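Quick heads-up: structures coming right below.
Paired with subunit B in one complex and with subunit C in the other, subunit A is shared by the two complexes that follow.
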Partner chain A sequence: METSSSSPVKPRRKDKDEDKFRIGATLAFIVVIIGIGVPMWWRTTTVYRVNLPSTEILSLSETPIKTAVQVAIYTQDTSRGQLLIAELQSAFSDNEIWSVEFKQLSPTPKTQEAHTPAALEKLLLENHVQSVGDFMFIEWPKLQEELLLTTERSALMRSDTPSNKIAQLLHAKILQTYRINQILSTDERMGAKSEAPQPAYDVIVSVLNPKPKLTHAKWNIAMAVKTYIEPWLAKVSGVSNYTVRSQWKYRVAIEADLKQVRDQSKLGRHYALQETALPHLLTSIAQNLSASTTDKPAINLVVYIPPCHIAPLHIYNSKDQRLTRNDVDAFISPPWGGFIIANPPEHVCLSAMSDQEAVPYHVSTTDNMQVMLDQLHKLLDISSELQMEGVKVVDIEQLEPRRWEYEAYLRRSAIRHISTASSTLQSLIKLLDQISYIVIDDEVGAAITNSYADILAAKAALLEHRLADASVLAKRAFVASERGFFDASLLAQLYFPDEQKYAIYIPLFLPIMVPVLSSFNMLRGVLQARRKEKQS
Partner chain B sequence: MFNIMLVKFVVIYALILASRRVEADDTSVLPEGFVDAAQRSTHTNNWAVLVDASRFWFNYRHVANVLSIYRSVKRLGIPDSQIILMIADDMACNARNPRPGQVYNNANQHINVYGDDNGTARSKKLLSDAGSNVLIYLTGHGGDGFLKFQDSEEITSQELADGIQQMWEKKRYNELFFMVDTCQAASLYEKFTSPNVLAVASSLVGEDSLSHHVDPSIGVYMIDRYTYYALEFLEKVQPFSKRTIGEFLQVCPKRVCISTVGVRKDLYRRDPHKVPITDFFGAIRPTRVSTDRINVTLANEDDFIFDKDKMVTKKPFKIVMESQFPSELFK
Partner chain C sequence: MSTPTFSSPRAGTTAKRIIVIYHTQLTPRVIAELLQQFAVKELHIGLTQGLWRYETWGYPIVEATSGAEMWAWFSGANLTNRDVDSQWKALANVFSGVLCASLNFVDNTNSIAPRHLIRPQFMPANGQRFVRYATLPREIVCTENLTPWKKLLPCGSASGFASLLNSGHVHNTKYHSLGLKVRVLCEDHDEDNCIVELTQTANLVYDLRLFELSNNDFSLRRLFGMGLNGYCELAESSKIYVQRNELGERYQLVPEPVHEVKTTRGGHSVVYSVYDMHEQFKEAGERLFNVAWLAPKSANRRRNLAKPSLPPVTVHRYLLGHGQERGRIVTEVTNSHYDALPIMLQEVIPWYVHAYLHTLSIRRKPQRINEYGRQRLPFKLLHYTPGKQRELPSHLEIGFMLPGQTSALISIDVDYLLLKWLEYPPDANHGHYIGSAIVSSQLPMGRNYSALPPEGHLFEHSFKCDTAELCAHLHTEALIVSLPTPDFSMPYNVICLACTVVALAFGPIHSVATKMIIVGRQTSTPKNFVKRSSNQVFRRGKAADEAAAEGEGLPAAGAAASDATGVASARPAISPGSPSGDQPLLEDLDEEEEEQD
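Right after this comes the complex of A and B.
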């Protein structure tokens, strides 16, 4: 028994001292390959991904975006005020988007004596503090229209204005419910087609003078822009930042078929530009406006001075009606920009037609800048152009938009930013689930987490009636989410799928692994032998 | 294997049934106004991504292909700032081109598709939005499920589908027209799942797409068959023409193309025969006449006049020429 069992081990006994080293070496190999090599291979080939609040982000859309607004109502008769508020409250009671708080302002002896609406408003504001986004209806019996919107956060109403008219005005003009619905709509046919406001824009004011030798137009455009455009943009830069540039461009001709039309002027004719040709006209000049020098989206504002042989130039619609109003020929094409035709004065062209030397003249600043400001209102989507029967809006007389219009724009942009950022983060999370080799490094991870936190904070701010904070937070969330989604590092390992991990590394590892694995066998034999030795 | 075939068959059959039912719904049950509204185009701008994935002189025809489409979309109004044109090699300036600076679509030098003015786009980013109709055109050498990119990389049908899905998730297109002229082209659109995508391919899986003809003076194939006939059709389209995408899908019947043109319209909700071709190949820019003004006057007109006296004029200066060579030394 003893002899037979010890016989195969016998030759090994000779180098029993070496056995120790052999085992030591094998163990070292195993430790290096399995203890260090395999984890290292696994670590270096796994796609790096920071932990993200995925489930929380996916459930973002479960809590709807709801905005709190306070509307104060002042009536001379307290009971009418109570009735109006009760009716309005029931109209807004089960609204999904708005939580409107109606507040009654009761008359005091002082307010009864106020002689002008402005004085009354001032008196009321002494006791009632309005925060950003709030609104106020003030009863003024002598009013002609049912409702008159001022340039501040208020509207005047007649004593017999019904509550449904007020609710209608709130929905259409102040809260702009239909546009919010467009933003929040999930149906792509109904949804808003425009982009969310970007954090920065270039505004490029260009004056086109195709024939500088023949049309001696002079204009200090830089000064005009500094006086009108820059201060106005500074007033509306709550959502986006604007950089303004101005330039003269010579010899940039427009491409359009112009038709001569006879008329009663001294020149005896003018030229007709068809409305249908306007898009093509923009395409023909867009190349030359050097809007391509930055990566920021650009808003182009063009003043075109037609040379005398095609001036004066007017826009006609397809029914051959001239579309000139208040001496203005202009059009806009959102989001590209606006275009103003600045016809040279008649005497300039008269002398040009009779082959005299070109008469120098000055382009009218007021005319063009007033039109340009209106175009900017429309291009930035600040103005509310919806017309309502019985409702009049006070004209703007200062270099800033109407306060209620601007605050509606702030509110709309905030909601837009929140919903865009949420859907961006959600689609990113879905993509991460689908495509396993997208990398999320620390920076992108931080951007996503911050964006998520800002979305929550912005939603809370909207609900807590802090529009100014919500606007800032929503914009930050939007910028961070875009940065996270479009970061180039996401694609760093896009061409490194899982198959590669095995296909390339296995042939490398296998030749090393075979001796290591087979040494397991040897190790086991040695250990068994030892155990037996001990037992015996 | 049999199981998979069976499943495929069932799926296809179900799809056919489903599509038939939708057709029936569209025409009979729904009111006409609704059907019309659903057929109307809803885009606000157009983008085009035109890709030639192969290089080297013998692939002259692929450059001619992509330039044909480029020429058409540009003629129909998409500005260069909204076209992303990728060409791997400059055939017009190739040393072997007997007509430098020109690329033709046929041996009679009928159309110089290289054009005269080629502008540069603002950036190479597809800055489309939720209102964009995007045209994607790919040409090169392909196989079942992939398209070769310059002999070193390839794009797979899965990657394309992922990319388009990503665009859809991020609301980067309104409708997408995917056009591909390679061998086995239909395999590239098979994996698409995103809505509002209309796809057309020059050949079905298992078929080769063929080139049109050789120009003996250039010594290579001029253009591929499918794109040749597509360009022939597009040349007749004017910016306001009434030609439809439905007609465009039939430009290359099997007798001229030799390969079978594949079309995938199950993801597309409008009837191609009611969609004007300019929805994808042309451009729209919504314009609106606006003649209002904001009545603010901040300064007198005089303030905006350049004052000549205040203008800083350059001081008169004298030019002194330094002698270039010390000629007086040699006198």
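Right after this comes the complex of A and C.
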């Protein structure tokens, strides 16, 4: 048996000379295939994605949305004012949402002489400029209630109103802390999560007259809408734009179980619509409210004229109590819209039931439009319904909503837009991490980046006490984030997942990679041999 | 075969200012929104299943081609061609949703701007006008189109004639066509004072043979599955017309019609019996109205029907040539009238079929002769827009005078293009459609003609039409061409095959470049019995060779054959180039050593 040192296999001299070329060739193959080929293949077959500020977006929720508000307090006695401010400041000192700045307005001889609250407010506003979203408490000793909210950015208070009452009012009405908490909470169970306001809405007023032959209803709905709804919507279109349309729909039957109830009217009966049947009722009419050419979300306001054989129609609850209030039978279902039952007058149905010629009649514009306006208030979520003990709110005299209400709505929408946009972007980034074949093209990338920048700017604006700017920026951020998230180009590669990419190129890579990778092993052997040789 | 043509045109005429179009009463909201969003002044949509047989059925009240057809007129201030293109696409998309049809496939690649044949009906002569026309011959019209179409009616399908249109019966017909027409008529001096007219039409042709009746009687109930339940309360007029002369003479109507209308149009008289639904349903109470057509008992049931008189102009179209490379589109127009008639023809040739204008020719022959000779007809008018691949279809309009009792054969040679693999439809071997051509002519007489005049919307408006304008639009058959269709697994195959070839080539190249073949010689007897015995056999046989190889003292590759084991021959080996030479250069040698141990 021979030892390895005297192996019979001895390389020829020529082979030895060529060894360095072989090593060179091996290295060249490795460099070309692993160093250049594989990265190039990876790059050319990879899904196109624009660089996104992913980590920044994911850390968006770390900085909470904080809003700055300035509250001015005017008291006739400076020391009381100081005390109030000190107490309120401590109440708001460690608040996560609000950074409230309290400002004392000191009395001047002029203000001491003011005879009416309005005059006093005017005087105060001459020296103290209020920006959007600010508020002011004015002391007025002769007040009956503890606090009286005006339609502007101010409230009157009595001399003995305690600071906790003021703080309570600020939280409940002006700042609406509980609703902001609802918006910001990530807990689904907190409920009442309505959607963020869209930039544009179609408000569609539909009059349903299922039996036009029997109930000959006449109504200039176009005029009614123009006088009541449109001017009001024009006043509140700071966040969303509204286009009002109206239509008549005939032969649209409602699908609900109606129960006849005897009563003392001339018809001798009315019909009961169960409260539990209302959702089904909406489902049955929603499909008949006509298609639209726009993709704007719609707010439906339906006026339903019951045909005489089921009129008058009233809503009943599960305890068989009639829910009609002030002769109004109506309900809303946010965000779908509102529904009003406009029962035809008794004499119309009396003649219809006795098979006489149908009596034409006019639907009451004022009654229905007031209900409709109220429904719109609730649907758009502008008014504050909360009742507080000892607090009175001045009734609205003109069409537009109260200033402080509207500004609270602006603030709320801005915060909601910011939080919705941030969570949209964050879920998009998370999706991108999980699903590798989502394409982000330049346009979507720009939308996401812009949205991110706008979110930051809006947050800064909120903190810097610029509510109007914040509202605009937040809306822009929201629109851009929605566009980015729902862009169809995201799914361009949906049917070409990574698995297919590997499957197609396996016939190339498997035979090529095996020798190339195994040559690593050989190189290692060579290196070891050299090392050994040096040692010896 | 009896072909009662049923049509329920309706007009929701809301004469209002355009501003008030935000508020609708009879018109569906979507139509109002469409007029706000787009500068559309006139819109026609037809959804049709089946082919209208002009020879036996005459001319329809509302023309339509099989599949989907759509055309619209646009007019507005500062409207450019590009705006119109985008509006046209958006409009098609809207109606794709409204009617659940695949109108969303309408775009610039299959739309043309007709120059002569399609005329506006309402639009003022002054001002800019744009028109777009497209057909989708592949569209299959079914229930999903009928239901949304009925929803556009103010009464829906709840009452009136629309309640008769039950999909089960409608789709058992030989031909059914749904039509939608929107027109806006504005005052010349006041652009804002407009009338919006929406007309919806349904056109059905039944084949009585499909009913498998014992006699030739039929009734509304038989045709539609139920009687008529009344009329739409919002309708001003709701009438059924039954033609009583020609083929209609044979039938006796039950109940007896109260009214009869005799009309003369273009020298041709027609008698209609009229049932007014407002009268029939005057009394309260629910019932169904039915009309029965009773055929005379004595008549020979099957084949003694008088052959209907041939309409003056008939058209046909077919494809000549064979193979998947070249073809010829041929349209045949026959004038069976004794006098010459003006003929206009509009062809839309899709971009995947390449037409050659120089091959366009009109040959003629007398009607009674079968073959076309060399006689040609001159063009009076020729408009041609060449197509562009993947962008524009070819658009051809020609006008000529067709002498009486003569047929004309209009032919144009075409090439079929090879499409990109993504441009093939899911069922690629089904073939590609070429939409039907429209042939238009001024008819000399009113026989077989019942189309509505442009200014009318009700069927009765066609009675009072005393003008000489009997303009008929005829649609030819649509063609189907089979373009060269590749094997669709080809891209994958090509990638796989190319990869395999590269990989196969790579292996040897890599080996040659990086490996050296060194033959290790077997110096001891292998343990394996088989190897040992074979060793002995070979050794004995090739002792001489072995001696020669040993004499050289070098393990050459050529000697490998003589070496009994030859284990190392295929294994990679490389020399570190060390001077000592006693290194174990080959892994195989190591293995050999292990074996020897």
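Quick notes on this one:
We take it that the second predicted complex is superposed on the first by the 444 of 536 C-alpha atoms of A that agree within 3 Å, B and C clash if a C-alpha of one lies under 4 Å from a C-alpha of the other, contacts with A are read in each partner's own complex, and residues count from 1 in each chain.
As a convention for this text, a contact is a pair of C-beta atoms (placed from the backbone, for glycine too) under 8 Å apart; a residue touches a chain by one contact, two chains touch by 3 or more.
Quick caveat: nothing in here was measured; it's all calculated off a predicted structure.
In the superposed model, A:P334 lies in contact with subunit B only, and not with subunit C.
Touch criterion met: A:P279 reaches subunit B, while subunit C stays clear of it.
Shared-chain residue A:D19: touches subunit C; no touch with subunit B. Of the two partner chains placed around the shared chain by superposition, neither subunit B nor subunit C is touched by A:T116. Once the two complexes are laid over each other on the shared chain, residue contacts for A:R245 go to subunit C alone; subunit B is not touched. Common to the subunit B and subunit C interfaces on subunit A are residues 291-292.
Across the interface of their complex, subunit A is touched by residues 38, 42-44, 77, 79-81, 119-123, 127, 129-131, 153, 162, 165-166, 169-171, 174, 196, 239-240, 283-299, 301, 303-306 of subunit B.
Of all the residues in subunit A, the ones that touch subunit C in their complex are 1-2, 4-12, 15-20, 22-23, 25-26, 29, 204, 211-213, 221-222, 225, 243-248, 250-253, 288, 290-294, 355, 504-505, 507-508, 510-512, 515-516, 518-519, 522, 525-526, 529-530, 533. The touching residues of subunit A, counted against subunit B in their complex, run 188-189, 191-195, 218-220, 223-224, 227-228, 275-276, 278-280, 282-283, 286-287, 291-292, 295, 297, 315, 317, 323-326, 328-334, 336, 338, 362, 364-367, 370-371, 373-375, 377-378, 395-399, 423-424, 427, 430-431, 434-435, 485, 495.
Chain contact summary for the complex, subunit C toward subunit A: residues 20, 22-26, 28-30, 32-34, 37, 94, 97-98, 148, 151, 154-156, 158-159, 232-234, 284, 492, 495-496, 499-500, 502-504, 506-507, 510-511, 513-516, 518-521, 523-524, 554-555, 568, 572, 574-578, 580-587, 589-590, 593, 596.
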